[in-house]
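Below you'll find a set of structures to go through.
Both complexes shown next keep chain A, but they swap its partner, so chain B is in the first and chain C is in the second.
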Partner chain A sequence: MKYAIILLAILGFSFAPQQYPNADTIIKNIDDNMYSNSLISTSKMTIYGKRNNRTITSKSYTQGSTKSFTEYLAPAREKGTKMLKLEDKLWIYSPSSDRTIQISGHMLKQSLMGSDLSYEDMMDERELTDIYNAKVTGSEVIDGRKAWVIALTAKVTDATYAKQKVWVDQERYVPLRQDMIAKSGKLLKRVTLSNVQKISGRWFPKKMNYKDMLKQGKGTDFEFVSIQFNPKIPVHIFSKASLKK
Partner chain B sequence: MKQAIKLAYRNLIGAGLRTWLNVSVLSFSFVVILFYNGLIDGWNKQARRDTIEWETGNGHLTHHLFDPFDPYTILDGHASINDLDVSDLNPVLVRQASIYPEGRMLTVALKGIKPNQSALKLPTQMLDTNCTEIPLLIGQNMARSSGLRKGDIALLQWKDKNGTLDAADAIIVDVFKTTVPTIDGGQLYTSINRLWEITNLKNEATFLIANKDYNGSGNIENWVFKTQDELLATLDKVIATEKASGSIFYILLMLIALLAIFDTQVLSIFRRQKEIGTYMALGMTKSQVVKLFTIEGLMYSILAMIVGCTWGIPILNYFANNGIPYPIDNMDDFGISISSIMYPIYSLKLILGTVIAVVISATIVSYLPARKITKMNAVDALKGKLQ
Partner chain C sequence: MIKFLFKGILRDKSRSLLPIIITAIGVSLTVFLSGYIRGAMGDMIDLNARFETGHMKVMTQPYLKNKDQMPNDLALLEVSDLMDKLNLDFPEISWEKRVRFGGLVDSPDSTGLTKSQGPAAGLAIDLFSENSKEVDRMNLAPAIVQGRIPQKAGEALISEDFSQKIKAGLGDDVTFVGSTMNGSMAFQNFNIVGTVRFGSAAMDKGAIIIDITDAQNILDMEDGAGEVLGYFPNDVYDNDEAEAIAASFNADYKDSEDEFAPIMQSLKQQNGLASLLDYADVMSGMFVAIFVFAMSIVLWNTGLLGGLRRYQEYGIRLALGEAKGHIYKMMISEAVLIGILGSILGSIIGLAGVYALQVYGIDISQFAPQNNMLMPNIIRAKVTPDLFYIGFIPGVFAMVLGTALSGIGIYKRETATLFKELEV
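The block that comes next holds the complex of A and B.
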């Protein structure tokens, strides 16, 4: 009898449902790591082409989720190109033609500088908790790190991606992989995050690879050279006048 | 007058080679004018017919925010057609999409149209299929540039009405051949019902194509009606420009021919001063002599037209029946309808107009040097004294 009870207890523990943490808490922790009130960063974007690769250096200023200013510093062909995002509008200034054009509508689907990122990928900087309902569906190991697997389902009608699947480092609350999925279930884009470092008290992935899963190729690498969280950014940076300076 | 014509004819024939050289050049100009204008007229008629059959139908009822030349207007340029009488109208919904043939991305305009429509020559009946993939109809140019063929499956990506991305496999059900590039390059056609389903834009349209029984002609709230002529205005302007720019060639040719006649007349008057003096001594007035020489010049144009008809009619007739092949590698670059074989059309208006133009211009260039005769002294002319 005693042995039966012990056996039952062992079996009971085996079949008891695994306790996953609350997905919303995980997402909130991710948002705390990944988002800040303001951000100044210098980054390198490597675009892998069929015949050659290109590396573009840029400096970005971000205020909340609605304002962003980027200036391209290298190579010479891209130097001086600037982008300004205010709310849902995006402008690009080209020094070669000395013109500022607004990118909107279908143009947002165009690739950013020939990369696997599109302009619309940059536009939606709302926090994940604002857009998705989250549910932890499992646990996997990614690059030697234990990660929660979280399924995100859009709770707003205007989310760009109906579903996402995110692998989150269980210890650091940093996404290690993010799959963007269409309504039909087709995998559209994959972001692989790596080189996670502690910066200003938060864990942050300094390298990201964006891959359009519908296209051939190696995708685009995005590497942060330097990051400052919550710096004070002059207001005039986020104005159309700063595009032509 | 009869006498003048007889004299003029005799003088011309008497001049021999000089006359036939002038007549040859003038006849060549005459035939080239007819050929070129006939070609343009034929192209115009063909292009209009093809554009009506493949694109415009009997007119378009277009959403007031949609501009077919501005892709930015696709996003908001559509509305519900529930309040419209669509019995003689065929709705078309346009959305931006991307297609991925063999891992490459192409941005396209995805147009939903009724499979059973009869307003256009598009083989839309091929879209009436129950396949799980999204059926697509593409033009030959699109097929060439995308590398897609009938039966190929490629991934199609689009956004629904809220801007959420979606993607699914699509199958090419047919590839159509058309001379109208504006409905071919960068465009995919699918069943409008399927497009409504995948975009959640049920019963919405960007524009509606009127079939030949459509009686409405005015605008309706939020919709602007464009007649066939309004839709063909761009085509007409391009062809008029082509006609004008091409006319430079045959005008130059005509000028050369007329210059030759002018020079011949000047030389003729100079050399025949004694003859002119004789005519005056015999009682002809100066104006009658001027008329004689002018008629000689006019005879050049008559002879040129006779010679031109002799060798030109068989050639022009051959081209009118068999057409002229026009090899175009990429019709999209041309922007308007142009067939691979063009059939010239020689209307009565064109022929009469050309005849009148040649006759009048030859008469004028003959008259101008002949005016000098009115200043001649009859006695000096009779003596053969140079004036």
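The block that comes next holds the complex of A and C.
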């Protein structure tokens, strides 16, 4: 009888629901790692085409979730092209035509420079906690790292993606993989994050692969060459006048 | 004999008027509807050939699979060599390079910032070469609403509706924003030198037309083209010949390991036009079949009524010793004459209707304002040689068939009972 009670107790424990940490705490920790009040970065974007590959270098300045400015440095075809985002508006300056053009509406869903990223992907700088409700749904191992699997559901109407499934490093609290999902449940994009390094006291993935699941190909690699968290950025950077400078 | 029957038909109108009217109605409907379908389909196919499909089109194989997306990253490269080969192998065909591209056309305000903009469907054709037939083929000169055809690089035509939408008129500069063949951003300023209206909602919504060399420069398509279109001499499509040329061309690349090997398709193989052409043929055939069936039943019935009315006449003729077969032959001969008269009248009425619809057309633009299909805004019928007999032969046939069925009753009459029947 005693053994039977012990056996039942063991079985009972083994079938008890697994205890997951609070999802809101996890995505708050992700936001603390991935987002900052301001950011200056230099990055390389490698676009794998069907006939050739291109690597585009750019320097970006970001202030909060509403202001960002990007200048393309290389190759020659893109050099001097600049983008300015203020709130939900995006302007692009092209030196070849010497024109500043506002991109809006459905054009924001178009590919950025032939990459697997859209303008919307690039523009959305909001923290996860501002956009999504979170729920931990499991635990998996990704590239040898233990990860929480989190289901995100948009709580705002203007989210770029209605749902996300995120695999979060259980130790470092950085996403290792993000599946971007439409309201219908269709998988639209997959972001694979790697080369996680400790920068300025926070864990940060320096390399990301964006894969548009509706297109064939290897996707687009996005790699930070240098990154500064919370630098002071002059206000004039985020003005239309800086596009033509 | 014919004169005798003819006099009988004319003098005894109760014998001929109703069958002639019925035959004429059936024939005129057949001719009119066949002419309408032929005209509508013909216009649609002609529009597709001129703007999109050519009589034959060469693309790369991956471009063909994604052609609705205008995938210029999959375009033909070293297209000069390909054109040389096509001109050598098929010298009677006129081969033309074209680039289709999508993007945004942005109209600036006085400060250079965006005033208005809209999505554009770009088409680059050979506008500047002396020997180019593209300007005529695209009917550009008659389509011009304002201005002129581009004469040098950096000039563009846009559709009249699009120019009003983006508030940019003659002499204004607009900026095209799109993607190069490699995916880079493409920005190019164009001066609007003319506006056009093609009469197709799909083309008039957001068309911008530039020279092919401009497109090659903007889209980084050096010696490249999205498509090479082939046209028969006099721009008259011959499906058998087109399919033979396509098969011959494709055989050269059958074993090619090049992922971007070219492939040729005939007009009928593109844009679902095969089903449209077959649909037109089936519909015409159905009109004729329904007409013959329905008219035969009506004329059978009419023949029976006529037979009843002429019951006494046939009885007397039989009593006088005329052979049943002779009376039957006379009835059939009479039916042929009535059928010919009804069919001539019906063909004249039908052809007049077709001609009227060919000249005036039916404007369907208000019914399809958002139509993306390449079809004309005004549907017109077309007078074709086959309309002169497409209703005529079934008209005569239906009349003869109806009379033949009703006339069988002659053979059921017994000579022995004739006098009793006639109450003589």
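One rule holds for everything that comes next: the second predicted complex is superposed on the first by the 245 of 245 C-alpha atoms of A that agree within 3 Å, B and C clash if a C-alpha of one lies under 4 Å from a C-alpha of the other, contacts with A are read in each partner's own complex, and residues count from 1 in each chain.
Criterion: a contact is a pair of C-beta atoms (placed from the backbone, for glycine too) under 8 Å apart; a residue touches a chain by one contact, two chains touch by 3 or more.
From a predicted model like this one, the values you see are computed outputs, not experimental measurements.
Novice: If chain A is used to align the two complexes, do chain B and chain C fit next to each other or clash?
Specialist: Taken together on chain A, chain C would clash with chain B, as the superposition shows.
Novice: Which of the two partners, first being chain B and second being chain C, lies in contact with A:Ser97: first, second, both, or neither?
Specialist: Only chain C is touched by A:Ser97; chain B is not.
Novice: Let me test your reading of the model: by the given contact rule, A:Arg77 touches which partner, first (chain B), second (chain C), both or neither?
Specialist: second
Novice: Is A:Val149 in contact with chain B, with chain C, with both, or with neither (first, second, both, neither)?
Specialist: In the superposed model, A:Val149 contacts neither chain B nor chain C.
Novice: Between chain B (first) and chain C (second), which does A:Met34 come into contact with in this model arrangement: first, second, both, or neither?
Specialist: Neither partner.
Novice: Touching A:Ser115, do we find chain B (first), chain C (second), both, or neither?
Specialist: second
Novice: Is A:Arg51 touching the first partner chain B, the second partner chain C, both, or neither of them?
Specialist: It touches chain C, and chain B stays clear.
Novice: In the combined picture, which part of chain C sits where chain B already is, 9-17, 81-89, 99-107 or 135-143?
Specialist: 135-143
Novice: Using the superposition described at the top, list the residues of chain A that contact chain B and also contact chain C.
Specialist: 106-107
Novice: Write out the stretch or stretches of chain A touching chain B in their complex.
Specialist: Answer in residue numbers: 104-107, 109-110, 154, 157-162, 180, 182-184, 186, 188, 212, 214-217.
Novice: Show which residues of chain A lie in contact with chain C when the two form their complex.
Specialist: By the definition above, chain A touches chain C via 47, 49-52, 54, 77-78, 81, 92, 94, 96-103, 106-107, 111, 113-115, 240.
Novice: Contact residues on chain C for chain A in the complex?
Specialist: Listed in rising order, the residues are 62, 73-74, 104, 106, 108, 112-114, 117, 119, 175, 177, 179-180, 182-185, 187-189, 220, 259-260.
Novice: Taking the touch rule as given, give the residues of chain B at its contact with chain A in the complex, in rising order.
Specialist: Spelled out, the residues of chain B in touch with chain A are 71-72, 74-75, 96, 98, 100, 102-105, 107, 155, 157, 160, 162-168.
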